[in-house]
Amino acid sequence: MNDATLEARIWHRFTPAQRLVRFAVYLTVVTAVVVSIQTVEVIPEFLLDAPEQMADLLRRMWPIAFSHYPKGVHEALVETLHIATLGTIISVVIAFPIGLAAAHNIAPNRLLNHAARLLLVSSRSVNSLVWALLFVAVFGPGALAGTLAIAFRSVGFVGKLVGEAVEEANRGTVEALEASGAPWLSVLSFGYWPQIQPSFWSVVLFRWDINVRESAVLGLVGAGGIGMALDTAMNLFQWDRVAMVLLAIFTVVIAAEIVVTAIRKRIL
Amino acid sequence: MENAALSIRDLTKEYVRGKPVLRGISLDFAGSGFTAIIGPSGTGKSTLIRCINRLVEPTAGSVIFENQDIVALPRRALRLARRQIGMVFQEYNLVERLTVMENLLSGRLGYVAPWKAWLRRFPQSDIDDAFELLDVVGLAGFANQRADSLSGGQRQRVGIARAVMQRPRLLLADEPTSSLDPKTSVEIMTLLRDLGRAKKIPVIVNMHDVELAKRFADRVIGMSGGVVVYDGAPSGLNDTDLKSIYGGEDWLQ
Amino acid sequence: MNVTAPRVAFPPNWRARAAWIALVLYIVYACSLLDFTWARFMVGLDNGARFIGRMLPPNFTRWEILVKGLTESIEIAILASVLGILLSLPIGLFAARNLMPLWVTWPSRILIALCRSFHPVIVAIVFVKALGFGAMSGIAALTVASIGFAGKLFAEAIEEISLKQVEAVRATGAPFMNVITYGVLPQVFGRFLGFSTYQLDSNLRNSTMVGIVGAGGIGGALFAAFQRFDYDFVCAMLLSIILLIFAGEVVANKVRAIFVERTRVDEE
């Protein structure tokens, strides 16, 4: 075997252009990390102090103030669940028509299609905490602001996934109904709805699960729920009560996840 | 032809400009009878059938059905015209997650208000018809079974029953047997022919199985390259005609 | 067939009907519990109009604060993502039930569940108490969140791999680390990269929020402006945050596109 064939047999996994792009990405990541480490404000004393402070915090959290649960936590916890659930329901009502309009195979025209997509994107780009701040400014502190915050943040999520489910629906079935001269609404309810139903319920459950987690934090900006209880306990430095609230949140979130997984298994 | 139930005039379809799939087709269909359209794949059979009820938008020409030109109809009128035309599909196109009964009644969707359809409030006469049709197509007792639990042959029976539920004045079938085994194919063709005779409506079936077409059809239309190359009785179909439809001759031996 | 027996077209679906009724009852009950009234809603709409009036036009005169906050948010997101993903790799591996014994997977899974259960902002509160105000706490909080999400996804990805390939590498007598790098990593690398870009995206969203509890980034300035009713500055900050998140999503998609090609090459 001569040198020429040897050289020809050297194997490159990627073309030079591909390698260049990948190298650029790696370089950017490394540069970003280095620059961030150098500029971000880190106070060394605080950092050295951290393990001790953390240990101190945990010591104050123990024993957990279980006695605080009936009068200080339970009601707030239930309120959180209601915020998450009602918020999800409202978001579904708003998201369904927008999601349909965002699906290019049934949107009556392109303008409406794009408008719907824009609505969904803006809903998703605003954090639920920001939505909560806005609604607290409008409706005053309390669960109403929290519920609407959850609803408005979820519209983008639910609407996007509903739209995608509609776009994936089998064309043939729908064509058959159109061929029978069925009106638009009936095509929707007989052709599309049965097809998207499983993914619809799974999306709603999934979002509810996320919303339980998110609604726990809304109280920090005054939008109701268990976050209020957390905020109060924290401001009074009652760390054993803080631990109680955290434990309550943890339990509910895990329970919600188990419930959702169980229901999804039965539906799908 | 005088008093034709359906007459197609100079029908042209171009999916891509300048490349017509149908080149000016003109055909007349009487108020009854079983017509088979045969031809190789990609010759525009499906397009022709779909142009009749405008699932595919024709580029030019006219389709006169019951004294109105379907090609010229506005949206709503088109919907009303489609109610008169039943259609059976190759892949059945059932709503898989609905029951057989719901699939049958979806043939009545053109007549029932959407909210009533949503609540499953169909007229009792429609429901009676549906049960009767289930007996006819041999699926009695399957009413509450889901469509996706059926076999291919059973699904196509539901597909045919759904089309007949429309009480159509014309029945179209687009390759109704191409996804089925030979025995089931014969059963499905028999069902289509018998239902067409019983309801006294013309049936137009498009297929590629020549033997099956000869066996069932009263009239055979052979298509090739977007034009009609044979139109007549199945008995008149000889090897020369088949060669002009499908090209080549090796397969004839 | 017995024709005299009445045949039912649609067997009544009692469970669905009961569910609808229960849903309506729940909505009424929850709304009354959370004290949602029409009057409150109308007053809110009035407020809302005034609120929007005060937000416009957005006020960019204090752009230095804005840029400083955004930069810090980006730095928090980058460092938390890198740290979180590096930690998630071993934790995810330890949590994979097809490769690890039970006594390793259980503690790892509990750790992941713990990290997932709390909203990053709640975790941030705890870190603010332990590490003090500033970006440090934000980085720590988002690192925890990253372990919760990326760790879970990594573990799931590893659990879906083909064990035949692992077996083949094992059969060569390779030590454990080589089995991981040759038998496991090639199967999951593409998906890991995908998850990592999602994580960066998600951390960027949350890094603009942790400031609400004093953990650095633009959230602090945002919350302060809200409390001062400085709504035109709030509007300016919200617009910049949305723009940043948008840009983040675009960049993440681009990076994913570059590397998704690689996974396709791998499969060929």
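Labels A, B and C are assigned to the chains in the order they are written; within every chain, residues are numbered from 1.
The criterion applied here is as follows: a residue touches a chain if its C-beta (ideal position, glycine included) is under 8 Å from a C-beta of that chain, and two chains touch if they have at least 3 such contacts.
All values derive from a computational prediction rather than experimental measurement.
Taking the mean of each chain's C-alpha atoms, the chain whose centre lies closest to the overall C-alpha mean is A. Set side by side, the interfaces A-C and A-B show unequal numbers of C-beta pairs in contact, with more at A-C. Centroid analysis (C-alpha atoms only) places B farthest from chain A. As a whole-number value, the distance joining the C-alpha centres of chain B and chain C reads 51 Å. Note: centroid distance chain A to chain C, computed from Cα atoms, is 6 Å. Chain A and chain B have Cα centroids lying 48 Å from one another. For chain A, no residue reaches two or more other chains under the stated contact definition. Multi-chain contact residues of chain B (touching two or more other chains): 102. Residue ranges on chain C touching chain A, taken from their complex, read 23, 26-27, 30-31, 33-36, 40-41, 43-44, 47-48, 51, 71-72, 74-76, 78-79, 82, 113-114, 116-119, 121-122, 125-126, 129-132, 134-136, 139, 205-206, 208-209, 212-213, 216, 222-223, 226, 231, 238, 241-242, 245-246, 255, 258-259, 261-262, 265. Remark: chain A residues 170, 172-173, 175-183, 185-191, 194-195, 197-198 touch chain B in the complex.
Chain contact summary for the complex, chain B toward chain C: residues 99, 101-102, 105, 120, 122, 127, 130-131, 135, 140-141, 143-144.
Within the complex formed with chain A, the chain B residues making contact are 53, 55, 79-87, 89, 91-98, 102, 106-107, 109-110, 112, 114-115, 117-118, 159, 162-163, 166. Interface residues of chain A, counted against chain C in their complex, comprise 13-14, 18, 21-22, 25, 29, 32-33, 35-37, 39-43, 46-47, 50, 53-54, 57, 79, 82-83, 85-86, 89, 122, 125-127, 129-130, 133-134, 137-140, 142-144, 147, 213-214, 216-217, 220-221, 224, 227, 230, 234, 246, 249-250, 253-254.
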